[in-house]
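Next come the structures, one after another.
What follows is chain A paired twice: with chain B in the first complex and chain C in the second.
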Partner chain A sequence: MPQVIIDGQTYEFEGKHKLLQFIQDLGKEVPFFCYHPSMTAPANCRQCMVKVGQFVKDRESGEYELDDNGEKVIRWFPKLQTSCNIDVADDMIVHTQETDALVRRAQKDNLELILINHPLDCPICDQAGECPLQIQTYKYGPEGSRFEVKKVHKPKRVVLGPRVVLDAERCINCTRCTRFTEEISKTNQLTITSRGDKNYPTTAPGREFTDPYSLNTVDICPVGALTSADFRFRARVWEMNQTPSIDITNGKGCNIDLWTRDNLVLRITPRYNGEVNDHWMPDEGREAYKIFNENRISRPLQKLDGEQILSSWNNSIATFNEQIAARDKKEILFIGSPHASVEENYALQQLANLMGINEVIFTSHTESGKGDDFLLTDDLAPNTTGCRLLGLKELDQKDLGFRVKKASLIVLVNDHFIDREIFSASDLDGKYLVSFATNHSKTTKFADLVIPITTAAEHAASYVNVDGRIQRTIPAKETKYSNRRLNLEMSEGRLDRYGTNFDNWVTEDNKIDCIPLWNFITEAANASGLDLSFEDGRSMMNEISDKFKPFENVSYEAMDAHAGIQLSLNPKTESPKVK
Partner chain B sequence: MSTVDWKNYEPVLIPDIKDLHKIDVYEKNGGYQALKSILTDKKKWADPKSVINEVKEANIRGRGGAGFNAGLKWSFMPPADGGARYLACNGDESEPGTFKDRKIFEYNPHVFIEGALIAAYAMEITTIYVYIRGEYLTYIKMMEKAIEDAYAKGYIGKKIFGSSFSVDFYVHSGAGAYICGEETSMLESLEGKRGYPRVKPPFPAQKGLWGRPTTINNIETLAHVTSVINRGAQWFKNIGAPTHPGPILYGISGHVNKPGVYELPSGVPVLDLINDVAGGIRNGKKLKAVIPGGSSTPVLRADQLDGITMDADSLRTVGSMLGTAGMVVMDEDTDMVDMLWRIAHFYHHESCGQCTPCREGTGWLEKVLLKIKNGEGEIRDLDLLLDVTTQMEGRTICALADAAAWPVRFTINRFRDEFEARCKKSVHALA
Partner chain C sequence: MTYEFTTEDLKEIEKIKSRYPEVKPATLPVLWIAQKRFGHVDPDVQKLVAATLELPEAHVHGVASFYTQYYKEKKGKYVLDVCTCLSCQLCGGYDMLHYLEEKLEIKAGETSDDGLFTLNQVECLGACGYAPMLQITNDKYVNNLTHEKIDKLVDSLKKGEEPGYEKMEMPLRKNN
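Right, the complex of A and B next:
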């Protein structure tokens, strides 16, 4: 097998590799700025310089040439090479900054040059704390600067588009953003303008940076040149907790990180998953942070004399059971939702089964033309496939309308039919509407009983995307009833570990008074004497996996280990059946 | 070293013939006979390979500055596969001090066109582009006219001279960027993109214009091809310096009495060029310094020039290069600090901004030089300048960083006392 010697260590390799990626895959490091694994390598930042040589072989005999001491002769490249764009080859010898003073010097020199015109405004820069330039400078940069003349001044606070703001002085011209619009989103909206140390990325004159994926350029910008108009100056990165999760705004299920502080989701960034979204996500999914924070329902609401008033949990459970008990089962309609997780739909389905309600129905939420051939889908819900696999009965909007007309009690989970104009408020006259929901909407306004439930940011639950991949969320923010230090599912950030209750970012204000749907169902079932008990998403998924064939190998452990699991999705041969 | 006999040399690229730029006049003086010969004389030129071999044998070293054997470069083209192949002729000519190709565009465009067509035949090329710097608007128009005339006469187009060889020829204008004279950024510019040099490999012969095999030659190089085919490789090799043979268009500018472009053999002594060809230094002043081949080649002091001839090997012995043979002559009144600042200003202005060392380094050099020029520099700034040049050199994609660093390094090293004299006095008295 071909071999390469990096810093004195011999590694075997197969296939084609770029040296920088190869070194990184080994868990070692070479500093870089312009390289990105999903895009072409322009080798323009010149930071990833290494010394590269090759053992000399005799052309005819194929034997290694030896020097007087019997050591193999090495022919070094006359210049240092950028490791990002050089192929790993057999018999290659590489010296990185770990072992070679020349390489160390070159990298230091390069950082000095990058920094001479950089504003060094880290204290007010959003990127500080997650800035490759800052990190590499601490690690490999010079101790000071010898630059005593005037820096170049360039435009600042340039509004490139509705979501992205440019500070051209911070830009180090790595061209990641222009390559992103050229190679990944293919809108070609960004280009570099001007020349030499005056150049910076911008749009064509009079054009806006409206790319539906524009915020990815903010993520890949290795400095604070491109910032998100929304997130700018909102938080320092080290104050936030970073929790892996799933995008719930469309059917693709992009892997994301939720960044929370003080129980508010402040931003959403994509998380790498080569099977789903690579390093990217659409801008729409990032707007979803608002769903988690704003307009939330906190404490149950109950209609009394035509007006919704705050209720208690005990009261709402009792009301729910009374309303069910008072009606013929045929008049009760349980509507599941593609906007709710597999676990929530399952809990509803189990409750319906025990109550003797024949079926749980749902309708998909699609809008044709919304999707593209990248990460946006026509399906606007994260779990349509999950509902189908659970065997929920899928109705089109017209049939759903018929069923609603015939029912006298309707139970809705996180689907806002009045907002979606599937039925109007007048259709609900004389009917009792129970709405399990996360946010206030026109639909919840007409409900007789509103039960606040947790969002994807507050519970661990799974969603099956349009391609049949099941992936799960991890709670990122606390509710009134959960505690980051006690909930093992939740990640602990720097401030949770080291901050005290007296630090100003720990407040109860942003905790929502809501519970997971399955907890409410457990309580309600127990109160009416039914034998039903759900603990958490993890144990529910084990039950689902036992009962439903498409989910047979699914567990939270397996999903975590493989960044989601691809379910087999052939409706002809394997129609989702209850075992 | 035997002196090259330059006094009896008869110019072939820019001979003294009136209206040679007109196609009729060019034809009357033996024009397009070389092209006709290679296309029709199957006894002499059996196949395109034989043309490449002849050019390789002549050892035409590229006149754009790098001095690489043109025929050898042609032989790097992969075998034809039926797809498009390009010849890109580099007439960007933007190195300060260089103005030789302009002479060809103006006085003898057809010798270049013929050379390009021969090259195209030799490499089985389907399309020729000539990239001319935008400032040469007049010559762009003249070239367009010349190409139109050649199309009309059937020298360009389908089935030239009844052979199976067909080719198209386009003029493309630059937009004023020095960097577009770098061969791969010229390709980017031809493709309508920003003039950023490409990372090599892949080399243009493998993946050039629009990803297809491409050869890039200088205008003068291609003009010489016509003479080589007309007169034979041996004729070419017998002219001038043995390791760098053939005629060269010397562009002499600066403080001389008769600046201009002179076609002479390679290897003419530098002092002969200044004193005899260009009529000596203006106003009877003394020679101070010479930049031999365009602003990026290291400057030479007058006392370094004895016995030095204009070819790569001789110039290397005193630490300079032939470059484009665009010679800048400076008399004793020249302020080297001002001169160097002006060159540094040029490279700062022209750096494309792709690679960090060049983008940032060229500006740093210029700003420190400006400080010294204004009498605000300190002696440590000179060492800083030298250090910055080492931080730039050899660490970028193209050679612009080297081109910007060398003048600074060598001018300071060779005229250090002048630079120190412009710096602030040291606070420490020596005695």
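Right, the complex of A and C next:
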């Protein structure tokens, strides 16, 4: 097998590898800025220099040439090489900065050059704390600069598009952003303008950076040049807490990280999953922080004399049971939702079963023409496939309207039918509408009973994407009834750990008075004497996987271990593969 | 202002495109055609080039803004690039520049009111042996400048007569 010697250690390899990626995959490090594993390597930052050589071999006999001491003779490449775009070859000898003073010196001097016109405004820069330039300057950079001339000034606060703001002075012209628009999103909206020390990335004159994936350029920018218009100056990175989760704004289920501080989701960034979204996510998914933070329903609401007033949990549970008991079972309509998780739909389905109510129905939420074969889908809901696999009855909007007309009590989970114009407020005259919802909407305004439930940022629950991959969320935000320190699944940021209620940067106000749907259903069922109990998403998923063939072998442990599980969408012929 | 290529230009562009396996390499020569036609490649012309070649506007802008020889704004009919790099500087490059500034009543980087002349101060044009010198609109060199030579040049340019290419002899080294 071909061998390569890196810093004195011999490694065997197969196939074609770029040296930088190979070194990284070994868990070792070479500094770099412009390289990105999903894009081409133009080698223009010159930071990943290493010393590379080859053992000298006699072409005819195939024997190694030896020096006087019997050591193999090495023929070094005449200059240092950028490791990002050089192929690993058999008999290659590589010295990185760890073993070679020349490489160390080259990397240090290169950083000094890169920093010549860099403003070094880290204390006010959004990137500080997660900035490759900052980190690598600490690790490999010079102690100071010998450059005493005034730095070149370039445009600042350039609004490139509706979501991205550029600070050209911070830019080191790695071209990651322009390559992203050329190779990944293929809109070709960015280019490097001008040259020499005056160059910076920009759009064509008079054009806006409207790319639906534009915010990915902010993520891959190795400095603070590209910033998100929304998140700029909102928080320091080290004050936030990062929790892995799933995008719930469309059917693709991009893997994301929720960045919270004091129980507010401040930004959403993509998390790598080679099977789903690679390193990317659409801009729309990042807007979901508004769903988690703003316009939330906190405490149950109940209509009295035509007006919604705040109610108590006990009251709302009693009202819920009274309303169901007071009606003919045939007049009760339970509507599940592709916007709710597998577990929530399952809990509703079980309650309906026990109460002897008609099957649970749902309708998909799609917008044709929205999908783009990349990460946007026609499906606007995260769990349409999950509802189908649970055996919920899918109705089109017309049939649904027909069923609504016949019903006198409608229980709606996390779906806003009046906002979606599936039925109008007048269709509800004389009917009792129970709405389990996360956010206020036109629909909840007309509901007679509104029960606040947790969002994907507050509960652990799973969602099945359009391709049949089941993935789960982890709670990132506390509710009034959950606690980071007691819930071992939740993580703690610095402020969560060390803040107290007496600090003026910590507030209880961001905790929503809501509970997971399954907890409410457990309470309601117990109050009406039914034997139904759900504890948490984890145990419910075990129940689901026992009961439903498509969910066979699915558990939170398996999902965590494999970054989601591909379900078989045709359960009769295949059992699910654990990948 | 909207710009359009003539049919001859489009024929020429087709010919250029057929020289390369892809369209992208045609960007440079087509920008030259545009600059010859319109005298500059301002953002509107860049858009025209992008539309003609079916390339992204950003790419054409990036290429056009990289090269100083493409004029990104309207210039005078004659662009005079006066070299003030080392050799010309020593032989009186700045003197020539300032003489032109006074004569044309514009500063370096400006265009005269009649739209005839743009004066630029530039770095080495590779004619150090015939310093001081200037270049007319990315093309002809006028070497060994003197005040009289400049007077004559400006007069003939005003009449619309461009000087021809000047043949320069290299002084032979004396081997003794």
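FYI, the second predicted complex is superposed on the first by the 561 of 579 C-alpha atoms of A that agree within 3 Å, B and C clash if a C-alpha of one lies under 4 Å from a C-alpha of the other, contacts with A are read in each partner's own complex, and residues count from 1 in each chain.
Going forward, a residue touches a chain if its C-beta (ideal position, glycine included) is under 8 Å from a C-beta of that chain, and two chains touch if they have at least 3 such contacts.
Treat the numbers as computed from the prediction; the structure is a model and nothing was measured.
Visitor: Clash or fit: chain B against chain C, after overlaying the two structures on chain A?
Guide: clash
Visitor: A:66 contacts which: chain B (first), chain C (second), both, neither?
Guide: A:66 contacts neither chain B nor chain C.
Visitor: Please indicate which partner A:309 is in contact with in the superposed arrangement: first for chain B, second for chain C, both, or neither.
Guide: neither
Visitor: Please indicate which partner A:195 is in contact with in the superposed arrangement: first for chain B, second for chain C, both, or neither.
Guide: both
Visitor: Compare chain B and chain C by how many residues of chain A each one touches, and report the one with more.
Guide: The partner making contact with more of chain A's residues is B.
Visitor: Thinking of the overlay built on chain A, is A:206 touched by chain B (first), by chain C (second), by both, or by neither?
Guide: A:206 contacts chain C only, not chain B.
Visitor: Once the structures are superposed on A, label A:425 by its partner contacts, choosing first (chain B), second (chain C), both or neither.
Guide: Touch partners of A:425: none, neither chain B nor chain C.
Visitor: Which listed stretch of chain B (62-70, 188-196, 350-358 or 422-430) steric-clashes with chain C in the superposition?
Guide: The segment of chain B occupying space taken by chain C is 188-196.
Visitor: Please report the chain A residues shared by its interface with chain B and its interface with chain C.
Guide: Residues 191-192, 194-195, which sit in both footprints.
Visitor: Along chain A, where are the residues that touch chain B in the complex?
Guide: Residue list for chain A touching chain B: 41-47, 49, 78-80, 85, 106, 109-110, 112-114, 116-117, 146-147, 149-150, 152, 172-173, 175, 191-192, 194-199.
Visitor: Which residues of chain B touch chain A once you look at their complex with the stated criterion?
Guide: Going by the criterion above, the answer is residues 177, 179, 194, 196, 199, 348-357, 359-364, 367-368, 370-371, 384, 390-392, 394-397.
Visitor: Which part of chain C faces chain A closely enough to touch in the complex?
Guide: Chain C reaches chain A through residues 43, 46-47, 50, 56-62, 65-66.
Visitor: Residue numbers of chain A touching chain C in their complex, please.
Guide: It comes out as residues 178, 181, 188-195, 202-207.
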